[in-house]
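Take a look at these structures.
Common to both upcoming complexes is chain A, partnered first by chain B, then by chain C.
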Partner chain A sequence: MKDVMASIRYRRNIGKMLAPLFSLIPAVSVGILFCMILAPFMDVTPLELIGTIWKGAWGSRDAAATSITKATPLLLTGLAVGMAYHAGLLNIGCEGQLTLGALAAASVAVAAPQLPPILLVPLTVLTGALAGGLWALLPVLLRQYRGVHEVVSTLLMNYVAIYFADYLVLGPLGDGSAMGRTPAIPAGAVWPPLWSFGASGVSAAPLVALALSLLAALWLSGTLWGYEVTAVGAGTAAARAAGIPVERWRRRIFVLSGALAGLAGALEVMTVHHRFYRAFSPGYGFDGITVAFLVGNAPGWLWLSALLPASLRAADKLLQLELNISPSIVLVLQAVLLLSATCQARLISWLKQLISSIFTRKADIEQHPRTN
Partner chain B sequence: METWLNLISLTLGKATPLLLAGFGGLISELSGVINFALEGMMLMGAFAAVWVTYATGSPWLGLLGGMAGGMSIGLLHGVTTLKLRANWIVSSIALNLLAAGLTGMLLNQVFQVYGMSPSVQGLPSFGKVISAISGSLGVGEGQEHFARGMSVLTLLAPVLGLLFVGFFKGSTWGLHIRACGENPLGASAAGLSVFRIRFFSVLASGALAGMGGAYLSIGELSQFVENMSHGRGYLAIAALILGRWRPAGVLCAALFFGLSEALSEWMAVRWSYLPHQVFLAFPYLICFVVLMTHMGGRQPPSSLGRL
Partner chain C sequence: MATAQAPLIFLDGISKRFGSLWANRDISLTIFEGEIHAVVGENGAGKSTLMKMLYGHLQPDGGKILLHGQPVVFRHPREAMRAGIGMVHQQLLIFPQLSALENVITGAEDARWGWIDRKKVREKLLRLCRLFEFDLPLDAPAGELPFAHRQQIELLRVLYRDAKILILDEPTSLLALPEISQLLELLKSLREGGHTIVFISHRLREVFAVADSISILRRGQCTGTGKASATTMEEVAKAIVFGEKMSDVDADESGEMKVEVKGGIETRWSPESAVLGAGDQPVAPPLLRMEAVSAPPSEHEVGIEGFSLQIRQGEILGIGGVVGNGQRALARALAGIMPVEQGHILFGGTRITHFSVQQRVRMGIHLLPANATEEMLLPSLSIWQNMLLGRHRDTMFQYGGWLRKRRIIRWVEEQLQVNEVKYGNVADALHTLSGGNQQKVALARAMAGSPGLVILEQPARGLDIGAQERLRGKVRSLNAHGVTFVLLSYDLDELLSLSHRIGVLYRGRLMGLVERNEAYPEQLGRWMLGLKE
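Entry: the complex of A and B
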């Protein structure tokens, strides 16, 4: 009996662990279905469209390297959104936090080229994270002390951050050209590729992002603090009644969320672009929302959902070259994924109702034959 | 005198899309539907306006097309949030993404170009109307120049604002919409279909924001440029917040934002060494101050975002 109970409990845990996949799979199916519907309008066959996306993202080692490199900032911003959502807060300000994190990281690296790499690299990374975290501190304080909803304040602060960065990079922090960019960071702050083949390579940044997301998953599910954060997100009233310091946790988690977005910016500077320039983020902050919501904000599975938009982004050039399809299709597909991910709870319950209504009616007739 | 008139006409021009989209946001939020999808509605409207104008040759039909384009995004927002109970914000962001992607894709499909569409005939400017009658009225050269830079939509927007004030203050429909935003349970107990009213409001919101987008593409310019709304939908939300969910407030906020955008352009041309980004960031900063200090007194509709 005991063994049976244990196995049931074990099985339920497995189910819980895999639950995020059940929200990812319907979204991806809807995405593929959408591709199949869309393809005839673009004068290609569905197989060509999906095949080209696959080839562009994972068809060669170069392509795979691009996909993984592009997944790194998405994983981090996804983690930022997901962590904040675990504490019941929606952070849509990753765009601004990432921008300022990248700018701060690039500027510090440029300002201190004489430092040895062993000091310079952590300094740059931490500055980026700090800038992002500080930028996220104001919205959460406003929420707690002035009742301003964090969605509104983070949204507004995105634009303040972008214009502020614009000003700094065209003025005091720029390289003097009219391009609006900082000087290149010193070689000591650049993360060299761990594996390189030909023109492309993969640095250690994806590993760092992966490790952080897995750590966050373990922390949330396996520690007392993580449990407290989850309780805050599940319901503030109950958490407060249980003596959990709700406000303090929310402050900490939101600043952490901003720091993660800032870190994404810093890593992007140190591994890919080696400098900061205007309009730095091609929407990584908003993509983070897609990444987080695709797997129901479960940090342990973010790596999988981050690969989706990243693969799409990596494939956009090939789509244009081979099929003459505008790279914008990538945004459409991503929007479809996000829409189906947010709507799927209701859609699935409808489907379940439909199916169960079909089956129960049959079963009813079989089990309870008419007596009169 | 000439420069001041220029600045005023620039301000009005910059305020028009914000005003139209801001009213769109207003009608949706007063009915209780959080609408951050204004950006997508504007973009879709801008594209649809150019497409229809290109196909039919009439910018007025294009304007209608723009409204329909905005409504298509409104329809999706209504279905996902009201019917499928998606998170308001997430649905909005997905729709903004969808509009950005779809317009880029259609641009390539319809016109076989990337980046910007071929130019089409724009809406007539207010100046054309003036110069047509200026002979009989004796309007001065200066005024005529002032009016030439303004689209007819610029004139329409304040009129629409006045209509809105009347609509929400005086009409039963306006009252019904506000009832859905303040107390949906009460409204439904009074026999209103909250779902239907909210759905209508989101559609109307799409039409207005789509008109704002059409102003960008066939009013201000005469072509579609990829991602041409450029954050104006979000700025319209800021105008809504700054205007404290009042029609007159939104009008003032939009004019103020228009002025600060115009000043920024003005400054960038005249004194390029000064940080003109200050003026671009100014609307958001002012919005912050208002939010922080609870100025203006009125709060958002009390059931905003509650089903």
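Entry: the complex of A and C
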């Protein structure tokens, strides 16, 4: 009986399970509000603006496929940021890790065209992840042995990675043209679309990313290792006093974080572009920060927050075509989302308090009659 | 009240709730000008919450605050400060990198043309220091100062701003004996100078030494208030501990508790009447041996050097000493948190000198540090996650790397119930609990299961009288079941009332070690000062 009661009481904390939505919903509301305020300045009505964004992102099967395809790398970089954050580290370097992951994956696939797909696909994927992971190892070692804050080192290493990749594709790894790109990867390394319609299609990559994020959520909440990582992120002194190897977990998780960003790059190469070229990432690495923060770094909800910037990105062409609005409006909107997601810690706690007081007031009065 | 004087502060029916918990419920309190008013009560009784509302940190959900008979609303501590109210917090708010002087003036800088007028500031501070006999080095970085000095910084901060009403939240909880009497003298001289003081404390002896009036809070309600001269310590202790609670405890159990509480207070007064007789001192083979162990200093405490000690199986070994004489290093070297530089530690015949914390926890060695919240708990995680910490690798709680949540929850709820922690849901974040209840969580964690050796570092700190007595009862009963304790405490009475043997630390060395029945407070006191004979 007591056992049953315990499990019921435990499960009843639905507020906590839905907490990530408390940060997502207000952020989106602020975003929409911002659209409505901004619209008149661009000579469109708010309804037109929001309607066009919706139409561009989800109005047709083509549009939906584009949104989902664009959400895939965002989900993975969001997961990368979120995992690092769970161990108490901030990975701002996904952009560089993704770039190097993509370049390494493309180069390996180009170098080994004769391998059968069953070997070539895993090899390509793993090389991408490995490159991203290794690129993340240096900042975390610098942090642990030299006290260099990872925010600074990862941020700066983005530029090192991007320009290093530029050099490589213009020189040793390029296809010989002045385009600054690698040769196309062999057909054996390409992930064909699972569903295709006309020019667009959706590969299995979104499913892989979704599965990884759900697995991460399960791992964090349900396993011993996940528990240790969560403890490290919540407080290093207490975690260390409990015998948890804080530094080791941070190294592992940070490398994992880089590997996820590298994987995002590898999947982009294998499903979308089929090669690496200069300025490969349109900011997927930085948007990962938005994606993670929008849902309070809860991996189980990343799919939802990844769809937001992806939808905006998918809609930008239509915005230009139909409303003649510069696509940079999308970047502005995204910045608004990130800002409101990060500023609202206070708002959330206030909201939670309000909701919990509404739910508990009645029961409370019954339990503790006022004794005067 | 006999006085015809109008009250300085009148709290009229103040209520405050956090979620489903009523922290304060319809509390009315009258504070007169120029008095020392003590607010006493158990952990989580709502003392700090009430004071935070008076200081503008929190807003009451109901009720009014009247100052000089006028209703006031403080929406921010700034506004309370402007009205002449200052607060010294339990957890001192210090900028460690700034100097003592800078810490005091931050937020109220005396400036001329936008530059801080250091000369003027220093003169004013020196005047205050002389007046109150503070020995604070004004230019030392605050982070390097001992606790008593940090507290002087906080007091100066309030006095510098010319506050006439001082709120002190548990000001003595981290002070050593001589420092406490200094502080109490200070409070008296502040009262002479026309200040009004509201003083939160668990230590009734201190309360009765200085307070003019006493108010008792219990479960968020004010259950009594009156002149200190018109009541006795015993009466107040009963009102704090029992209050209305008599009804929901078995008569049997509460009867037993009553005896303990009485005994406890008596032992605090006269250590000679301690409950332990000479007969129940176990003489057993050593459970743990430290052989010439050295451990490095930390923060502003000395380390230990060439430290040898034998802890007998089944004893309570008390270690006394003035704050900062190596207690931290000793506790952490035993628990495996701090590396041992030299020497060996043997536990039941096994050499554990370089064992990890995890390994020691598995062998049954647990540490309960003095500020458990910072060092052992994760306030942002849930209560159950905190209870699990350190035991999470137990096969009882995990299977092949997966946490057995249902079992964990059941175990956590049992432990919390046994230790009388007040909580809503084990999935709630730990920081939703009151400070005292957080400490109880740490305590419950260290004491759960069947530990072999528990190292208690100032365990009574921050606990109210009832909880202190329950803690002592718990230590005794676990000890009777074979658990060995090392009790590090600055409180001689506590050591004398619990320990079988008592040692004294002085500058990282053991000054002496005696059996309880051969221990004289005078001798221990001399040892604490480093005097051998």
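In this section, the second predicted complex is superposed on the first by the 334 of 372 C-alpha atoms of A that agree within 3 Å, B and C clash if a C-alpha of one lies under 4 Å from a C-alpha of the other, contacts with A are read in each partner's own complex, and residues count from 1 in each chain.
Keep in mind that, in the parts below, contacts are C-beta pairs under 8 Å (C-beta built on N, C-alpha and C of every residue); 3 or more make two chains touch, one makes a residue touch a chain.
Only a predicted model underlies this, so the values are computations on that prediction, with no experimental measurement involved.
In the superposition on chain A, A:G243 makes contact with chain C only, while chain B stays out of contact range. Looking at the superposed arrangement, the partner reaching more residues of chain A, out of chain B and chain C, is B.
By the document's definition of touching, neither partner reaches A:K317: not chain B, not chain C. In the superposition on chain A, A:L156 makes contact with chain B only, while chain C stays out of contact range. In the superposition on chain A, A:F41 makes contact with chain B only, not with chain C.
Of the two partner chains placed by the overlay, only chain B lies in contact with A:G171; chain C stays clear of it.
Once the two complexes are overlaid on the shared chain, A:A231 sits against chain C while remaining clear of chain B. Partner chain A is touched in their complex by these residues of chain C: 17-20, 22, 25-26, 335-337, 356-361, 367, 369, 374-382, 384-385, 388-390, 392-393, 398, 401-403, 405-406, 409-410, 413, 425-428. Touching chain C in their complex are the following residues of chain A: 2-3, 6-7, 9-10, 12-13, 16, 222-225, 227-228, 230-231, 234-235, 237-243, 353, 356-357, 360, 363-364, 368, 370, 372. Across the complex, chain A is touched by residues 36, 76, 80, 83-87, 89-91, 93-98, 100-105, 107-109, 114, 226, 231, 234-235, 237-238, 241, 275, 277-278, 280-281, 284-285, 287-288, 291-292, 294 of chain B. On the chain A side of its complex with chain B, the touching residues are 41-42, 90, 92, 142, 146, 148, 151-153, 155-160, 163-164, 166-167, 170-171, 283, 286, 289-290, 293, 325-336, 338-339, 342-343, 345-347.
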